[in-house]
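If you scroll down you'll find the structure; I have some questions about it.
Every chain is named by a letter (A, B, C and D) in the order it is written, and numbering of its residues begins at 1.
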Amino acid sequence: MNKVIKNKEEALIGIQDNMTIMLGGFGLCGIPENSISQLAKMGVTGLTCISNNAGVDDFGLGLLLQRKQIKKMISSYVGENDEFERQMLSGELEVDLIPQGSLAERCRAGGAGIPAFYTPAGYGTEISRNKEVREYNGKPHILETALTADFAIVKAWKGDSSGNLIYKATARNFNPMMAMAGKITIAEVEELVPAGELNPNEIHTPGIFVQRIFQGEKFEKRIEQLTTRSK
Amino acid sequence: MNKVIKNKEEALIGIQDNMTIMLGGFGLCGIPENSISQLAKMGVTGLTCISNNAGVDDFGLGLLLQRKQIKKMISSYVGENDEFERQMLSGELEVDLIPQGSLAERCRAGGAGIPAFYTPAGYGTEISRNKEVREYNGKPHILETALTADFAIVKAWKGDSSGNLIYKATARNFNPMMAMAGKITIAEVEELVPAGELNPNEIHTPGIFVQRIFQGEKFEKRIEQLTTRSK
Amino acid sequence: MSLDKIGIAKRIAQELRDGWYVNLGIGIPTLVANYIPPGIEVEFQSENGILGMGPFPFEGEEDADLINAGKQTITAREGAVYFDSATSFAMIRGQHVQLTVLGAMEVSQDGDIANWKIPGKMVKGMGGAMDLVASADNIIVAMMHTNKAGISKLLKKCTLPLTGVNCVKKIVTNLAVIDIKENKFHLKERAPGISVQEIKNATAGELIIPETVPEMNI
Amino acid sequence: MSLDKIGIAKRIAQELRDGWYVNLGIGIPTLVANYIPPGIEVEFQSENGILGMGPFPFEGEEDADLINAGKQTITAREGAVYFDSATSFAMIRGQHVQLTVLGAMEVSQDGDIANWKIPGKMVKGMGGAMDLVASADNIIVAMMHTNKAGISKLLKKCTLPLTGVNCVKKIVTNLAVIDIKENKFHLKERAPGISVQEIKNATAGELIIPETVPEMNI
């Protein structure tokens, strides 16, 4: 089943103002860089972005923030960039903060047809405000609901023409769950191969979750916190 | 972290009468054969077994049924064996039938600390009797709770001394979720290698879910429905 | 002449669309895979954990670790992928599978289906059927129009324990193609040589019959 | 003499047990990995998706695709494994991680913790902290006993927005080791050269002081 799209321009067709978009990645690791730069170029605005983080000033989702394309961020940890802080404090940007595990599970639930589930995370904090509480195993849990998106955009290491994806190391992070939860899921990959070249036992995201796949032109793969030791 | 156990005799120490045990496998595919034969030898009785199926008369869980070691089966599809039918119809054996997807998800939930979730499966059928119903997206869903077990026993293709597991083809089935849901999880593997020999990107079950691992002596790998075509 | 099982499978195969992921139940539904219309590509999901199921293996090449949900030895096509049962039902429950074809003992004009349990008889279990019917947007039932005793399987209300409610949209039997809409059966096509009256006689539920009922083209 | 950050990390490292999986938060907790007692083996989980985290890479060998939850470049030990964020928090929520060490701005004698938000200041988010504190059976807080203004961080009730309730069991500060039981702080050990009175003065919550309070052995 051939899902290959020629380039990022064609892959992102259909993304419109005011849509909800999920974007994979943790910090700058495993983010769909090519698609983000294309979103900036397209100039779509009013976006609700579901992404664990919000990039840095001049890379990742920071590029969309600079251009004021984002109306609302749904994330677990943000604010590694000044423009984000400015927009948030001035009220231009809505921010919905969600515990990281609940964010991951809510995306998975959205993709898996589980509309809601109970979790202990956030009980007794402002996160549990207006949420149903129920005790299980002697411990209070709150009810969290599924998240889905008009488009999910993920980044993989390898992908085949059927949309099967393999991620590398910790660049996997949120990508697999978000791939499940998009009405349309777009994957950009470092290496695109014909169907049959990936070992079916080693695939992380089955192609059924992916509607469009394209070979990224160039991956900058910026490092946020370079930490090394000397030899 | 070395979790290697010498043999099946030592791997199953601690399993006692009236315990709840999860066993991986679908039909006879991917079942922990060595452990099942050892359970038969140990003669523990009153077991509650959570397993998608119940084996055949002389293989898989059928071996424990023959010896009347099982008090209750929690499964989605059973009865490929006569002794099962006899014990069930005579009331010797309790049977709790669960939709297959709910069974898989309930095991995952048990391992993932999600005490309950909503699913549409079984709404309007006898499965939803006494279960809470709630509408999401215009569709009724029922609340299902997590499953856990005193011991989970799974079978993998390859495993390392840290308990990391790789399954082969459709022998994966229920094994990964059950590995997550056991208070103690025992893995029997076809090939046991030192830590570091499996590619960390290709592992299906992270070792954190596995407490004991052993090399199976011999795998019969019986085929339930041999279907072929001629060349 | 009423259709045989292969005829039913062939007619259902005409419903396939290019790019669909399809789950086929045991029995007649399995046969659908043999009659994919030319020029379209579909992928078959088996709920035990494979997408891209291929034909049965050649003799001697079977692999005990590679089976379908009917526990038959199979092969994998190029581009196939294996996954665990939770992920498999995430695909199903999350409506990533575009078509489910399965058999039934009874279907009601409300779209209810019964196919897993006969009171007083040995109950083998629902397997994945309840997840499939509760989740799928597009369910086709493949079955004989009547049971062995000649009694209609298309009823006002199901008499057997239900597998799912309000879920069946289309039925293909040995006699007819029938859609379910607004809690009624709607006759769409006749099997070659079968009269509308024969179909009416074999249907216990309320059957809406349009002015012209074309013959199936198989 | 009160402990420095390394001293706190060294004291917490004494709490590690062979075979434990451990999640270390950013800051002082990260340093714990450097002082694993001899003869025991522990594995470090980073919630972005790795078990078996190793030391920082040698210069020039860093890999942008291999980072920890603090977004620092890391390496993987033998036997390491990568996984997605849902699986990562399945480990945490499912209590497969035996110990969580994290920093705090305030801890109450009920075991409540506040470490993510200061009203009026920029809120960066809770990251994985709420999942960690709500799930872990065994949580150690690593922090200074007082804030920069000299005000106690061990309170009757937290004043800042909470990260979790009734969850902290043990606190290791620059001055003391304190357990939380029955909604009270219990002094267990003093930092070398620190008097019980100094600890009492620096603790705003109710502090139970036993007859003898041994000095830490670091």
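Operating definition for what follows: a contact is a pair of C-beta atoms (placed from the backbone, for glycine too) under 8 Å apart; a residue touches a chain by one contact, two chains touch by 3 or more.
Bear in mind the structure is a predicted one, so any value in this text is a computation, not a measurement.
*Asks:* More C-beta pairs touching across which pair, B-C or A-C?
*Replies:* More C-beta contacts join the chains of B-C.
*Asks:* Cα centroid separation between chain B and chain C, in whole Å?
*Replies:* The mean C-alpha positions of chain B and chain C differ by 28 Å.
*Asks:* Just curious, how far off is chain D from chain B if you go by their C-alpha centres, in Å?
*Replies:* Measuring from centre to centre gives 36 Å for this pair.
*Asks:* Using mean C-alpha positions as chain centres, tell me how far chain C is from chain D in Å, no decimals.
*Replies:* The separation of the two C-alpha centroids amounts to 56 Å.
*Asks:* If a residue has to touch 2 or more other chains to count, which residues of chain D qualify?
*Replies:* Where chain D meets two or more other chains at a single residue, that happens at 50, 76, 82-83, 86, 89, 92-93, 135.
*Asks:* Can you tell me which residues of chain A touch two or more of the remaining chains?
*Replies:* Chain A, residues with two or more chain partners: 105, 108, 112-114, 119-120, 167-169, 200-201.
*Asks:* Let me make sure I understand the interfaces: which chain pairs count as touching?
*Replies:* Pairs satisfying the touch definition: A-B, A-C, A-D, B-C, B-D.
*Asks:* Can you list the residues on chain A that touch chain C in the complex?
*Replies:* 1-2, 108, 110-114, 160-162, 164, 180, 194-196, 200-201, 203, 206-209
*Asks:* Going by the contact rule at the top, pick out the chain A residues touching chain D in the complex.
*Replies:* Answer in residue numbers: 26-30, 52, 75-80, 85, 88-89, 95, 97, 99-105, 107-108, 119-127, 157, 167-177, 204, 221-231.
*Asks:* Given the complex with chain A, which residues does chain B contribute to the contact?
*Replies:* Answer in residue numbers: 105, 109, 112-120, 134, 136-137, 141, 145, 166-169, 200-202.
*Asks:* Give every residue of chain C touching chain B within the complex, in rising order.
*Replies:* Against chain B, the touching part of chain C is residues 46-50, 55-74, 76, 82-86, 88-89, 92-93, 112, 122-131, 134-135, 161-166.
*Asks:* Which bits of chain C are touching chain A when the two form their complex?
*Replies:* 19, 21, 41-43, 45, 50-52, 76, 78-83, 86-87, 89-97, 135
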